[in-house]
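Let me begin by handing over the structure; questions about it come next.
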Amino acid sequence: MPTINFIQAINEALREEMRRDPGVFVMGEDVEFGAFGATRGLVEEFGKARVRNTPLSEAGFAGAGVGAAMAGLRPVVEIEFASFLYCCMDQICNQAAKLRYMSGGQARLALTYRCVFGAMGSAAAQHSETVYPQFLSVPGLKIVVPSGPADMKGLLKSAIRDDNPVLVFEHGRLGWTQEEVPEGDHLVPLGQASIKREGRDLTIVAIGLMVQKALEAAETLAAEGISAEVLDPRTLVPLDKRSILESVAKTGRLIIADEAHVTGSAASEIAAVVADEGFDYLDAPIKRVASADVPIPFAPALEAAVIPGADRIANAARELCG
Amino acid sequence: MKIDGLPRELLVGMYRTMRTIRRFEERIKELFFMGEIPGFVHASIGEEAVPTGVCSALDPSDRITSNHRGHGHLIAKGGKLRPMMAELFGRRTGYCKGKGGSMHVVDLSIGILGANGIVGAGIPIATGSALASQLTGKKEVSVAFFGDGAANEGTFHESANLAAVWKLPVIFVCENNAYAEWTPISEASAVSDIAIRGQAYGMPGIAVDGNDVCAVYRAAREAVARARAGSGPTLLECKTYRWEGHVVGEEAMLAGKEYRSAEDLAQWKLRCPIERLATALKEAGAATAEELAEIDSRIEKELEDAVTYAKQSEQADPSEAFTDLFA
Amino acid sequence: MPTINFIQAINEALREEMRRDPGVFVMGEDVEFGAFGATRGLVEEFGKARVRNTPLSEAGFAGAGVGAAMAGLRPVVEIEFASFLYCCMDQICNQAAKLRYMSGGQARLALTYRCVFGAMGSAAAQHSETVYPQFLSVPGLKIVVPSGPADMKGLLKSAIRDDNPVLVFEHGRLGWTQEEVPEGDHLVPLGQASIKREGRDLTIVAIGLMVQKALEAAETLAAEGISAEVLDPRTLVPLDKRSILESVAKTGRLIIADEAHVTGSAASEIAAVVADEGFDYLDAPIKRVASADVPIPFAPALEAAVIPGADRIANAARELCG
Amino acid sequence: MKIDGLPRELLVGMYRTMRTIRRFEERIKELFFMGEIPGFVHASIGEEAVPTGVCSALDPSDRITSNHRGHGHLIAKGGKLRPMMAELFGRRTGYCKGKGGSMHVVDLSIGILGANGIVGAGIPIATGSALASQLTGKKEVSVAFFGDGAANEGTFHESANLAAVWKLPVIFVCENNAYAEWTPISEASAVSDIAIRGQAYGMPGIAVDGNDVCAVYRAAREAVARARAGSGPTLLECKTYRWEGHVVGEEAMLAGKEYRSAEDLAQWKLRCPIERLATALKEAGAATAEELAEIDSRIEKELEDAVTYAKQSEQADPSEAFTDLFA
């Protein structure tokens, strides 16, 4: 298996799906260039018609994606930074998410939105936000948050082939993370969690970049005799509740690590699910380790204080297992 | 009103369409007040020439997006009365199985990408539909219908620019009925001619008498030809007026407050698009009063058939609320 | 105390605050008319300068509210239906919410956004959504959801006087609900829950219209010997955690009734808080009674199937107390 | 370049401002590469005449909104170098206590409502600021600075229309530097002259040479007079060019891919706004080379002072991350 990085994984997924299906095309701001490298080289292979630089018109081109999907194509729309999703929420939440249902099942929206999210080093409040929780509450959207190159590739390919609107959130810090990635048609189904480390004493459900931090914390905890299971849901909608509940049934303790601001986070949602359906398994309070409820600040020390690190995960674990 | 040069069949067809829209909406107004139709209903009575003229220039494989005031667009594009009526009644035999209602009717089989409850939201969707045609090399045209109010939404601007710079086969049809809800265009837009906005995108901006179905048709035909030829989008402003309230039953909302003059309304009623075409047809000897009456009575039958169909259709079953979310 | 309805309560709050402070002004689509009556008559008293009909330009005028607030005024911006908030999310979430923090505390945004939300009878998917969860995850915004006329008036007055961006969600079904409302300067502080009915056996935290349904359910349950406490948080941000936790400490059981779609709902957030901070008080799983995860359908029977009613709350209570 | 009719003090002041902006950005570029300044930094080198010309026509009580490429706007409006530099360093003595950084500098005391990381987002904010002036009867003017790319955002359209229909005292200053990131305006906008878009709002749309600070100043002065007189907004397009990359360090992102010609850049460098003013000043005998050199060296000192100040300032303490959310 070749070792590639997160960005290369995106690039391969796009390239393979574009080769496979002429209905797949990519549009977004400067995708011909690919600021982070994800779309680099695509225009050379597929031409300007299928790799389209858009004007700065997020609602316009996010909505053009909806229309092109309704007309039968399979658009992959790039929103450079997740924070800019706020500029096209109507097209995603009122149109893409609802059109199939409102049309009584007529419309098929095979439509993917990709974006970079998360605190990536002094990008400040308007370029660092974790914006998936806002879409959790909107039925009709699938939400994918890969934590490494192999999942990134397999999930993005599944997202593009999915006949529904899918939002793919790519953490900006993961770009250079390397990993072995299966060659060929590597698909990861949407809705299937992955146990990234097995453990007995507590379950850490970790999302996106938090998987790395959780693994780091698990390593530290292991040395202290605490055996942590790290579970990556990989997709928030659909959510693999069963795997989460099974893990909690085994461990009796749950931490959810999420870079979103704690209030209204995906961690809150998962906590609520377990506090209902997994209540009897729980031996301890459910802890959310998430960003503080303030915008992401600019200065490195401030940013680090706001977003969750391995230390905060480990501390929460010690509290639970202490 | 000039009908010369237009084939009789087209003209009579346009009469039939306009008349169908008019009667459909008059009928649903009654049904709304009788409590048969729930939700919000927006009537386009008086504006029938716009969808009719535009859609008469389209092929069945062309596509449209509509807005909250959509019955006319849907009927003109070929929407069937039975499933439309059933949808407005909220029945499972409706276009959307009762899930959409008046503001969300869709018929993908005939290129109706949807009415829309969000003002301005259909414009990017039509633009994307046109992009699909360009990408696949199909010679289809897409049309976005929207109001003067919607022309102040950012989506109009972004879509128009996108379409122009990419030379997409899309037509932006602005139904300028002089009001958005109860606010006159003079208080909402710095320009009274929306067509002038075409210049901001290097796009032809054409204004026509929106109550002259032939004028609308001719302008649309030209825009369609332009689009099919790959020469890009057109902004087509049709000046018209709505005879009814913004929403059926608005009187209760306004609590007696007036927002437009009875005189204006009376003036516009004198320019009824249906009457004008009927008169022109009769004057030109293209149709007799009897022929038109015959059409009218056939429309009544179709309409009653649709109402009966809707009334007799089963209610949607509560369990159906939970299907159709994902493909 | 005079008895007035919910809409009149809004109207009185606006009128009183406009009289009190010349910096308060109202803008939005057709506010001169007031489709639901909330702004009716204001233009006659305060004139067109302070009661401004806007063009259909949600991002434009929501953002103009931000600018006017930064310049020292106290705008009250009406977004006709909460679903249209999606058209101006950037101005609310990236600008209003973040500007104070990003400016290191310089900016003061005394800014209120009001909107009608909720399923109100076949208004269908794009006019019926409960849109507050989307803002829960955005630090910097206060969120108010009144459940009746007295709270409506007192909370809106507090929102307008608050020096921060506040979103006020007014349920469309509450319009004609009548209640005695204190005269004079009736203020309800933001961040203070209200016990709408005392009880011993379980706590029902209910939001907005759900308070009525919860009270109805509580009445039914009382006849069956189940004593339910109904707690209305009144504001979701700030959330009166203490009152919620105190109630759960007393009852040991928690239901949260929320008209939002269950996934990502405010109910999820409250459940997560209690599953952490109130875990030891809990004798049973936390139940969320919320809308199903589908857009709000048009047909009355379908709409009723999706949104939560008193029966579903009562059933959940029986399950917990059975 | 015509300087006649403009007072010497103004001209020399504009020279000083442009030079300060230029050197500030050259310096932060270095500091960025030295790792002293984190995050994204966008330089406006080559475009200094726009903020300088515009802000020279403003009073201290007037207000501006800026964008991601904001250092020039801030300095021209009177932003102080010390807290600006400290903010870019992320220090607690910065304008925003290190919470904002380059894209979010605010100084309310001198009418800087903020740089902005969201393209187009400052435009409605300036519009609202102008609305506040209109409502309070103060004769202040607000200015929105934005790029050619931003002119394709819906916020531009909605704000321009709002301002025009309400006759707000706001000036929309479009810095057309021919690119949005790496996409040329020809691929992003259907029109090459943004000024023409004024017509869509019945608003004067003026295009000027954005590298001629006097021309910018004169056009701004007129727009300011119009605004103060209550005659409404102006769209002022300043044609210019950025000498640097979209973002400092873009080379790493582009992986060798070119997006504009070295020749174009060279041509524009010949039209350096600072050089042009310096030459004009010297030719007119309004300032000697020595006088200008003296100004330059004073700027160097101020700049070094600011850098030293920033470097010696304390880092923000982690605990401060949790304050300043609510008033």
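Per-chain numbering from 1; labels A, B, C and D assigned in written order.
Here is the rule we use: contacts are C-beta pairs under 8 Å (C-beta built on N, C-alpha and C of every residue); 3 or more make two chains touch, one makes a residue touch a chain.
Remember, predicted model here, so these are calculated numbers, not experimental data.
Look at the CA centroids: the one farthest from the centroid of chain D belongs to B. Annotation: 45 Å between the Cα-based centres of chain B and chain D.
Chain B and chain C have centres, each the mean of its CA atoms, that are 36 Å apart. With each centre defined as the average position of its C-alpha atoms, the distance from chain A to chain C rounds to 29 Å. In terms of their C-alpha centroids, the spacing between chain A and chain B amounts to 40 Å. Residues of chain C in contact with two or more other chains: 54-55, 57-60, 83-84, 86-87, 90, 94, 101-102, 124-126, 139-140, 292-295, 297. Residues of chain D in contact with two or more other chains: 96, 98-100, 104, 116-118, 152-155, 157-158, 161, 165, 187-189, 324-325.
Taken pairwise by the contact criterion, the protein chains are fully connected, each one touching every other.
By the touch rule above, chain D contacts chain B in their complex via residues 152-158, 161, 164-165, 187-191, 196-197, 199-203.
Those residues of chain D that touch chain C in the shared complex are 63, 65, 94-100, 104, 106-108, 113-114, 116-118, 121, 123-136, 142, 154-155, 157-159, 161-162, 165-166, 323-327.
Across the interface of their complex, chain A is touched by residues 38-40, 87, 90-91, 96, 98-101, 103-104, 116-120, 149-150, 152-154, 180-183, 187-189, 253-255, 257, 259, 315-322, 324-325 of chain D. The residues of chain C lying in touch with chain D in their complex are 25, 49-50, 52, 54-55, 57-73, 75, 90-91, 94-95, 99-110, 139-140, 142, 163-164. Partner chain A is touched in their complex by these residues of chain C: 83-84, 86-87, 89-90, 93-94, 97-98, 101-102, 124-126, 133-140, 237, 239, 260-261, 263-269, 271-277, 279-280, 282, 284-288, 292-295, 297.
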